[in-house]
Structures are given as structure tokens and as C-alpha cells.
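These notes open a run of structures that come right after.
In the two complexes below, chain A is the common chain; its partner is chain B in one and chain C in the other.
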Partner chain A sequence: MSSSHSPPETVLAASGPRRSRFSHFLVQNVGLALVVALLIACIILYCVLYLVTQHRLPGGFELTSTLNNTMPLAFAGIAQSLVVLTRGIDLSVGGVIDLTNAMAALTLNGGPVQTTLWTAAILGVGVLCGLLNGVLVAVGRLQPILVTLATLSIFQGIAIKVLPQPGGAVPAGFTNVLANPNWPVSLLYIPLIGLIWAVFRRTRLGVSVFAIGNDAMAASSHGISVKRTVILAYMLGGFASACGGLILAATSTAGDATTGNTYTLTSIVAAVLGGVSLFGGRGSGLGAVFGAFVTTMVVNILFFAHIDPLYQTFYEGLFLLAAVVAANVIGQIVRRRR
Partner chain B sequence: MSIAAIEAVDVGKAYGGVAALTKASFTAEAGEVHALVGENGAGKSTLIKILGGRVRPDQGEVRIGGRPVSLSGPEAAHKLGAWTVFQELTLLPWMTVAENLLLRREPRGGFGLIDRAATAREADALLARYGVMHVDPRALVEDISLAERQVVEIVRAISHDPQILFLDEPTSSLVEREVEWLFGQIRALRQTGTCIVFTSHRWGEIRSIADRITICRGGTDVGTFTDIDEDEAVRLMTGRRVEALYPPLVPLPAAAPAVLEAADLAGPNVKRISFELHAGEVLGLGGLAGHGHREVFRLLFGDAHANSGEIRVGGKSRHFRSPRAAIAAGIALVPEDRKTEGLLLQMSVRDNATLAILKRLTHFGVLDRTAERQAAQSVVDSLRVRTAGIGLAVGALSGGNQQKVLLGRWLLAECQILLLYDVTRGVDVATKHEIYELVSRLASEGHAILFYSSDAEELAHLCHRVLVMREGVVAAELSAPGITAEDIVSAAVRDHLAA
Partner chain C sequence: MSASIIRQWLPRDRRRILYAFLAAIILFAIGEAVRPGFASLDGIRAILVVASFVGLVAAGQTFVILIGGIDLSVPWVLNAASILMVTSSLGQDARAIPALALTLGVGALIGAVNGAGIALLGIPAVVMTLAMNGIMQGLTLGLSGGMTCTSCGAYAPPVIQAAVHQGLLGVPFVLWIWIVVLIAVSFLLAMTRFGRATYTVGNNARASHLAGINVSGITILLYALSGFFSAMAGIMLVGFGGQAALGMGDPYLFQSIAAVVIGGVYILGGRGNYLGSVAGAISLTVLVSVLLAFNMPDYGRSIVYGVVILALLLLYGREEDSA
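== the complex of A and B ==
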């Protein structure tokens, strides 16, 4: 960038003052802001219902159990977000959770060293699952939805092979570290995830993931390797799913090769509620974490509102629709006012 | 003699058996501004894509600095100092202007992480260095205008200090002031020895900036010139003389009824406007961009709501709540940006042409495919749409032919009132000529046409009357015969000059 040439005369002058940085920040993070607002509203509603029915406010036990029950979905939501940001979709999230959960139940019964080694190995399996997806999508040029639908079944099948019957036992120490049942230690996950996401967003890989989600052709013309980025995104997603599988094993203190299945769809819900665009290129993993908490809170609210469990999914569906429509409308209003 | 900065030798490229470029050669030197001109379909864009590394040629050779190169992608070209602003912009819409400008060269802070605040600051400095103060580096690309995006894309390319800069129709979305800015930048680059190759459809621009001009026609170069007048250039590009571009004006019958009236119409950016549009008339709307033309069209088409005033169709007062209502009343709009306003690019010519009359072609819920085909074929035949067949995706046609398909859709729907908004923008000379003939023919068949154009010459030749708008009102009304482009321009800027 030399400055040797003389400045040309014509300048495109600014027509007015610029928007404040805060205004830019708000508009560019409107999805995140909305999910936080939604979560706060859900928590308030939950507390009110709890107070009315239980005649006291929810306490440490409720907080701890909500956190521990939600963390697997939170990680599944991050896994989904990473892939959706590249304009893909990962239906195998549930399969990876099944597999890693089953492996955890089978292998985590030794001492601390052995447990640590197996934990690392299980995370590695998650990464390998992601690698398989990524290679099939990026190198095989196959549709993500087809690839991951197939690998979902494959991972589920392997999980059943690993742990044919629900069971196994997870040591208490493992549970206390990953999903402490007595104290809301899991609350620490949220700032930790926020920090990791902020770092990710500031790495070359993070920028590349967003860039190819925006426009893969344009990104590649600026030297970003689309294949490499897609594969790495699926691998990171596999890692996050494996984290979910491990935490799920820790909370349930046992394994079940089918318990992860629901996470395929709920992870998409968490990501979308969290402001991740299914068209790729925008959103945040932290948003998906908040999205996961919103879905948990909705279940809690329905419980305390004495909704017949038979109709629970009906109301969940209504809520999801209302939330997405509202987010869309508010998002558009914010953009239009600029 | 200097070594050629860039050289294309007999390059050719075919897409699916159709040659986009048969055998084109040209040479541009360091410190030269070289224009590639020709009709759409002459192969200019393909040539630029090959030179920029986006497309690999099937045959021929590209030489940079005298050495043959094989470009595996745009990045390979960048390494050789060749940067391209492609016609399809490559900015990432949901990232900020700053992130786009500094993509892959972001400033790093602690732990080697990208420093986002510094990115914005550096981008700000970069924009300021090139005299761009009106773009906020912290804004998302999605939230800035098309012209601003074009400017940002240009700044990104020139900020890499290119040895060679390719610009494919850089001015098509820019207004006068921005074109001036761009030319300032180009002159500065030329001084430092950069070779600049650009394409444009605007002869005035080409004359004012280009050192040499290479004319392309039918996928090959027909010659490089240092001094050539417009008549000769048009003849070489099209084989037609410039006077023959416009059809003769068909006189209006004395008792033509007013089919569309605006009475004291006011709305966003439109202060108060009244006019009558008669059957068989081409009524021009002219003036500088941003003075309410677009809004007048939107009001008439039910796409914006009037604050006051009245629209009358066939003498009856109408209030359109949506474009659908306007279409039902026989009003059709052909916008300048057919990509986002009207055509389904992935769908066929047939589907696009018959979209508005599907109901008529459907019997008991079943679409009559034969009637649909006939209807679409009639559009292709009567409007001379150049397409390989009615089954071809509309997106594969050239801009002018896309316009014809859209116009054909409304003619099938028997719309009598046609609102044509800058329909010839970015369209090549030969297709422009066909569109002019079409406008003239449709008017003589009794259609009433409201015609906005950013090209005053076009208005002067094509319209029975021209209303020149300024700041949301009609500043002048000119009547044929004897309208000149100068009259229109001077009416549009009179106050500006006086001020």
C-alpha cells in the first residue's frame, strides 16, 4: 500500500453523521439480543408460575438441574450452529451424541487417569464423525442434509452395537466435574463458551466459516479454502456434539444408545432461536446456548402451568412458531428503522 | 517500447457448447487505461473473467508482463498483481465493510487474534485515503447501497496496489459524482504505472478516460483504436449507424383519451405531481436520479402509499393497496433491476412469460401446457426475445432479453398501461434499439407508456412529452417535436446551477 500517488480531487463526502458503534453493535447482534430478551421473559414467567404453584421462588436445586439438563442441548446447539453457519446442516448431531454417550457409559469406569484418557478418546471419536461428514460434503460434493441423514443412522447403529442395553455406570467424580448435581457449577460453561466463541470469531478459521456461509464463491476468490473450512467446521461440530454426549452421560450417570436422538431436531431449534440463520453466514454459537435454555424453560413453564404432558409438544410447537415469527418481525423493524 | 502488462492471445471459452468467446486478443500496457467495448454477448465479461482468473480459457494464452501464465483462480492472479472488480460483486453481505476490505489481512492483536476495533479503524483510514467518506466501515455490507458496495469493491481492489486492474462495468450502478471519483482514482493509478482495463456501455465515459479502445463483437476483437468516434465505434460493434438507433416518433391521434391520470399526487419523496397519460402516448419522465421518479412509479404501481392526491385509471379514481391491484387494473411495471423485481431467474422463459395469466391457462385446476407453450412462444416471437428456446432459464438470457420477457408477461396479461423504469440501463446497443422499436410499436398499438430513463438522449428521441422532475415536482414539461437531451438536462439542473 504505497502512498506515492497524488490524491485525486474528487472525494465522496459523508452526507451526515455516522451511526454510533453501539447502534451498529445492536443491529448486527439483534439475533443474540432477541434470544437473551426471550430467555429473560421465559425465566420471569417461570418464576411467577413457580411462585404461584409452589408458594416460593425457585432456588439452587432448580437452577442446578436446569443447567445440567440443558448443557447437552447447548453443546448440540453449538455443534449445529458451526455447521449451519457454513450454509450446511448436521442431522447427525443426535447420532454423535448417542455414540459418545454409549461409549462413555461403557468405558468410564476406571480411575481418574483412565477416565481422562477415555474422555479424550471419545472427543476424538466425535471429531472423526465430523471429519467423515465434512469430507463427504466438501470433497464428495454431496448435499449436507443427505450426508448427515445417512451418517445419523450409521452413528446410531454403531452406538447400539457399543451399548445394546441402556446401562453402564459413570463415576461420581466424572459427574461432579462435568455436571455437578449439587452446586450450579455448570453456570461457568456459559461465560466459558462465550469466551471461546469470541476467540473463534477472531481466528482465521472463524472468519472463513462466516465468509463461506455468506458467499462461498466470493470467499474462495479471496483465497479462502472452502473445502478446508467446511471440513473443519464439521469437525468442530463433531467435537461439540461429543461434549454434549459426555455431559449427558455425566448428568444421567449412565448411558443409553438412543437418548441422543432427539438432539438432532432440538439442536436446530436451539440454533434458530439463538439467531443463527439457516441460510448461513450469520449467528453465534452463544446464541444457540441461550436458545437451548429457552427450550428448556418452555418445558418447565408448561409443566408448572399444568399442561397435560400429552399436549406438551403441541404447545412447544406453538411457542416455537410464535418465537420465530416475533424474532423475524422485530428483526425487520430494527433493520428498517435504520 | 514497454513490455505489455497484460496480453490475451487468441483466447476462447465455450459454455456447454456455446462459444462465449471465440478468439479474442488484445494488449494493454503499463500506465494505460484500456477500454473493452462491445454489445452484451460480445464476450467482454468472459474475457475479464479469464484475465482475472475466475474462468479458465479453453484455448489461447494469457500473458502477464510478457510471460505466459495459467491462472488457477483469482488468488493466483492477485499474486501476480492483477486484481479484478467483477460485475457480480464479491462482497460478503452479512459482514461489515471493514471485514470485507481487510479480509485475509486483518490486523492482529494479542494471542494472534483478529483485532476487530483495529480492523474498523484501518478500514476507515483506507477509505479516507481513497477519498471515500460516505461509507461507514462498521456497517454491514447488506445495509449499504449498491453504489456504495461498488465503491467499496473498487477500494478493496486498488488498496492492494495492483499492477493490473480489471474493472467490469464499474460505472453501471454509480451516479455521476461516483463516476468522477472513480475516474480520479483511475488517473492516479495510471500515473503510478498501473495498467487499467475496463468495460462500459457509456460512450461519454469511455471517451473521457480511455487511452485505447478495443472493440469486441461476436466473441472476438475487431480492432484496437486510439481515436475513434462514436458512429464508427457503434458501426463496428453492431453494424448499424447511430442515427438509426431510434425509431421515428408516431404522432399522437388528436382525441387520444387519458387512460392514467395523477392529480396532485404526493408521497414519500414526491411533493405534488399531476399529469395525464394518453392511450398511444410515450410520456417521458426525466431528471437527476433521486428526485422522486422511482417513487412516482411505486405510487402508480401500488407499491407505495400516497399521502394525498388521486390516481385515476380510465377516468375512475383508484386506490391501489398492492401491485396486485394495480396489475388487475391493467398497469404493469418493468423495473431496471429485473433480478430482484419480477423475474424468477431459475425458471424458464415459458414459466416467467405466463406467470400472470396462469389462471387463464388453467382449466379445472389443470394447466394447459399446450396453451402455455403457445402463449410463451408468441412472446418470444413478437418481442424477438433471443433465446435458445422457451424452456431455457430466464437467468441465462442477456439483460435486455430478460426485460423483453418481463414486458411480454404483462402484454399477455393485457396490461394497457406500461410503466417502464430505466429499462435500457446496462443493455447493449443492439438490444436497446430493439427495445426502442418495441416501445414505439406498443404505443402505436394503443398502449400508454410512462418511460423513465437516466439517459436524456433516449427520452428526447422516444417520447411525445417529457416531464422533468426536480425535488419531487415537475420542473418542466417539454413536448415533441424538438425535444433535445440538452433541454432535459438543463431543466433538471437549472436550480442547481443558479444556486
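== the complex of A and C ==
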């Protein structure tokens, strides 16, 4: 009502900053926007291929299995992003997943109370692994890639000690909660992760993580404790990896001390596809989740396109390069037009 | 007084190489104490031959780490090279030389593609070489039909096998090759324009570019060298084991990085040399052999390996405190 009284200049002035705020948001989240676009394109291509080969659209079963298969990688991607944002890299993600997965298979066989307690303990182990990495990086003043290379070896060793042979069993209730095989319950995790990330991004810690990723020296001179922030980022990363290990145990309903190894490198792929800059300070955990889904969709597409599975990694590699180059080009165009 | 003289004659980089060699000698002594004969001539020879495979890969890894890069494509470039070697030579000495040239050439070419992606397309080294590892894995598995092709089971030509198992003056040829590589790489890095430019780019790529150094060209060449040395290690490994197998390159990624870093090459580039990586490769291989001599199970070796790398890094791999 009052707008009808206001002169046109005011309307223009009011819409001016709004538009620039939107463009600011887009530039800030260009990586996230790109990965969402990529994911939608992948899903459409997948549905078309599915329709052509199976003569129907993918249904609830396909949705549920895709979700459950991707969630461990999604959490590994979040773990990697948290560390990469501080301008680090975490090669021990696979080791933490090995260890927590092995522990889950060994300990989760009691009643609900026992299972809950052990779940908390396993998450605690993940946090401790991250603490070790963080302290060695921040206080030990060692390069992240070297620290996590060494701790990867240590965590893998402990995992094999915990569970020498693949096996163990995970109770059905645990699986139904974390990776329900009948209903796409895991779909709820994605908005939840988005919400948690949005909150984290605005906390003191979240701001500090992004600040030291952009310029540790400047952040330090603005009163941010670099050491504390780095250690906490690695601890949160360890927590996210442990979540991945638990969900992996839930989906496979058993444990294996070596299946987690692959997540070290695939978590980097998920983060990079999700728009997380390896030079730190740019990206989001939600992007890494979408990046994880893109990798799964690419595998699904290759399957329904009847590509020889032996060539799978060949196409994945080409796809990764194409995506990174395209994101570079588009990112540059968006920033230049602004 | 004497401390300052030592410091003058042994700057930090040289001290690190010395530490790495000292660690190897101490480990040999421990091995000898646990299992007499460990540090006999035969024992040392056997360990050095195994170390030479890590050392050859580490030569390439040294080149790219010196400019702050990294080569994660080592496992499947090495594996592809080993399979290409046996399938193109079919175990015949007459075909050994062309097969050798082909394999080394393909290795260098793949490395050059890595370098081009990094230097010309601006792809981060981690992403480029990680993707290349996947591409080579897919190509190797696909073209060999998962190692079911008829020529995949061929043996390495006797010449190549002899290069690893026979020797001159009691030293296997592969170690002579390693010594030649050590001298050539050290000369290249220390005495040539190309080598000095490598250190300059590692210290500050932008300043090097402004100073008229062809940064892109050097980056491509260094990654090509890394591919070349991965292929060379693949050839030697196939000579050592006789046949190629899937997954034979997997251990060499992390081992080569660890060897380079323990030898005092700075992971962010610009400092270090190949003699250090050689020392790192030897000390790591002796460490694994000592743990085996202790009859330590798999998991124990994995843990101790990680702890020792951390301990060595904490001893001398720390950054200056900037905060």
C-alpha cells in the first residue's frame, strides 16, 4: 500500500541493492549452482537412458538404492571439504572410514541402547582421528598432505587389527535408521545437511574456517586463532568420515577393513565436482554432497549406456576433467560479467 | 664454534639427506641384530634392488614436487607401462629395444598430457593427475580385457629380466641404471639452465614468468619426466617379477611421495634434490624389510610405517612458525 505513495526513485533504489545481493549470492555460490545444474542434467540423462533400455521410468527402488549407495561418499566429501576449505587436504578419510566401518561391524550387535552407545563411541573415534591430524598439522607445523598420508597408514593398520577378516553383522534396526533399504529415508539427510551447513557457515567457527582458507595471515591478525580453527576443522572432518563409515556398515550390513580405502581419492573428486576450491576458502559441504551424487549418477549412466565396466574409470576420469574445465570457464565468465 | 662450522658446511637441506642415510644405516644395523645376514652383501643388494623401483618413481615425483606439484597418476601409468612392455615385446629379445622405446615414450607422453592440463588449462595438479590415473586404469583394464588378452601373460624379454637379476662387478644392472639416473637427474637439476629454472618456478611461478622463464613449457617437461620414470619403474618391475599383473603400481604412489619428502624435498616446491629422495627410498625400503624381519604382521607394519614417517617429519620436516 505504502509503495503506491512512494516515488519511483525509491522503488528503484529499493530494488537496486536487492538485485546486487542476488548477483552477489550467485557469484558466491557459482560452484554450488553449477553442481546442481550438473546433477539435474545427469538425472535427466539417466532417466532417458533408463526409459529407453527398461521401457519405464526409474522408481522408488532405484531412488532408494542410489541414495543409500551414495551417502557414505557424500559424508566423505563433506569431511574432505571441511579440511580443503582450510587450504589443507585429508588423505586419511579412507583410513577413518575403514576404522569406523570395522568397529561398527565388530561392536554393533547388542540391543538398541548398546548400539546407540557404541555408535556414539565410534563417532568419538572419528573425532579423535581428526584431532590427531589437526594437532599434527597446526601444532606440529607439518604439511597436511604428509600428515594425513602417514595417519592413513596408521588408521588402516588399526582397522585391519580390529577386523582382520571381512564380516561381522549390523542389526537390522541400525540399517533401517541409517540406510533404510525399503524407503528413501536418506533423502531427508540432504536438506538436513544443507540446514546444518547453513548454520555452520554462520557460526564463529564456520567464518573462521573460510577466513583462514582465504588468507591465514590476515585471519590471524583479525584475532582468529588459526591453530584452534584448523584443529576443529579436522575434528569435524573426522566426525563426518565416521558418519560415512557407519552408513557404509549400515548399507553393506557387515564390515570390511579395506573397502574404505577408495574414499580417500573419491572424496576429493566429490569435493572438486561440488565446487570446493582446492586452494581453500571457497565451496560448501552441500556442494560436495551433490558432487557425490553426480559421481554415482555417472556410474549409473555408464551402466545403462552399456559401457564395458572395465572402461568405467576411463570415462569417470574424462568426465572429471571436463567438469573442472567447464566450471573454470563458467566461473570466470560469471565473475567477469559482474 | 664447531657447531657453527657444521652448520656452515651442512645447511639444512644437506643435513636432511644425511639424516635419511643415517636412518637407513641404523635400520640396517637393527636388521642385522634381529636376523644375522640381514646386512650382508647379498641382503643389502636385495634391499637396494627393491628400493630402486621406489627410487625411479621418486625421481619423477621429485621433479614435479620441486615445482609444488604432485603426480597421483603413478600407479596406473606404471601398471600400463609394465603391461605394454610385455605385450609389445612378447618375451622376445629382438623386440625388446622397440618395446622399451615405445613404453618409455608412452609414459613420457602421458606425463606431458598431465603437464599440459595443469599448465595450459589451469587444472589443479591433484585433479589432473587423479583423473589421469583413472583414465589410464580404464584404458589398461579395457584394452587388456581385464588382463585376459592372449599376449598379457607374456614374460618380459630375457634381456630385461637380466637387467634386474644379473650384474656387473657384483652390482645388478638395475642399480647401475639407478646410479646413472641419480647422476643425470642431479646434474640436470644443479648444473643446467632447465634445473635452475625448475627451482625458480617452484619458489615463485609468477616471478619466474615475469623473469622470462617459460613456466608452461617447464611444467609440461617435468610432468613428462615423471611419466617417463614411472614407465621405467614399470619396466624394471616386470623384469623383476617376470610378468605383469593388475594393481602392481598401487604401492608406489604413497611410497614415492614419502621417499621424496623424507629426503628433504619441500612439498610446496623450490627446495631439495634427488639425492635426498634416493636416501628416502632406501631408508623406507630398509624399514619395511626390518619390520618383515621382526615377523611383524601386516597391520603392525602399516602402523609402524605411518608412525616412523610422522616421527621423521616431526624431527626435521616442520615449517617455520609464521603465526
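Quick notes
Keep in mind that, in the parts below, the second predicted complex is superposed on the first by the 319 of 338 C-alpha atoms of A that agree within 3 Å, B and C clash if a C-alpha of one lies under 4 Å from a C-alpha of the other, contacts with A are read in each partner's own complex, and residues count from 1 in each chain.
As a convention for this text, a residue touches a chain if its C-beta (ideal position, glycine included) is under 8 Å from a C-beta of that chain, and two chains touch if they have at least 3 such contacts.
Keep in mind the model is a prediction, meaning the values are calculated, not measured.
After overlaying the two complexes on the shared chain, residue contacts for A:L142 are found with chain C alone; chain B is out of touch. In the superposition on chain A, contact is made by A:L321 with chain C only, not with chain B. Legend: residue contacts after superposition of the two complexes on their common chain; A:A172 is shown touching neither chain B nor chain C. When the two structures are aligned on the shared chain, A:H24 is found in touch with chain B, with no touch to chain C.
Residue contacts after overlaying the shared chain place A:L57 against neither chain B nor chain C.
Touch criterion met: A:I89 reaches chain C, while chain B stays clear of it.
Legend: residue contacts after superposition of the two complexes on their common chain; A:V199 is shown touching chain B, with no touch to chain C.
When the two complexes are overlaid on their common chain A, residue A:M217 makes contact with chain B and with chain C alike. Within chain A, the residues touching chain B in one complex and chain C in the other are 217, 220. Contacts from chain B toward chain A in the complex involve residues 54, 73-75, 78, 89-96, 99, 103-104, 106, 111, 113-116, 129, 131-136, 138-140, 143, 151, 159-161, 177-178, 180-181, 183-185, 187-189, 191-192.
Considering their complex, residues 89, 136, 140-143, 145-147, 149-154, 156-161, 164, 216-217, 220, 226-227, 265, 268-269, 272, 278-279, 308, 310-318, 320-321, 324-325, 328 of chain A touch chain C. Within the complex formed with chain A, the chain C residues making contact are 70, 72, 117, 121-124, 126-128, 130-135, 137-139, 141-142, 145-146, 254, 257-258, 261, 267-268, 298-307, 309-310, 313-314, 317-323.
Contact residues on chain A toward chain B in their complex (touch as defined above): 1-15, 18-19, 21, 24, 27-28, 199, 202-204, 207, 210-211, 213-215, 217-224, 277, 281-282, 335, 338.
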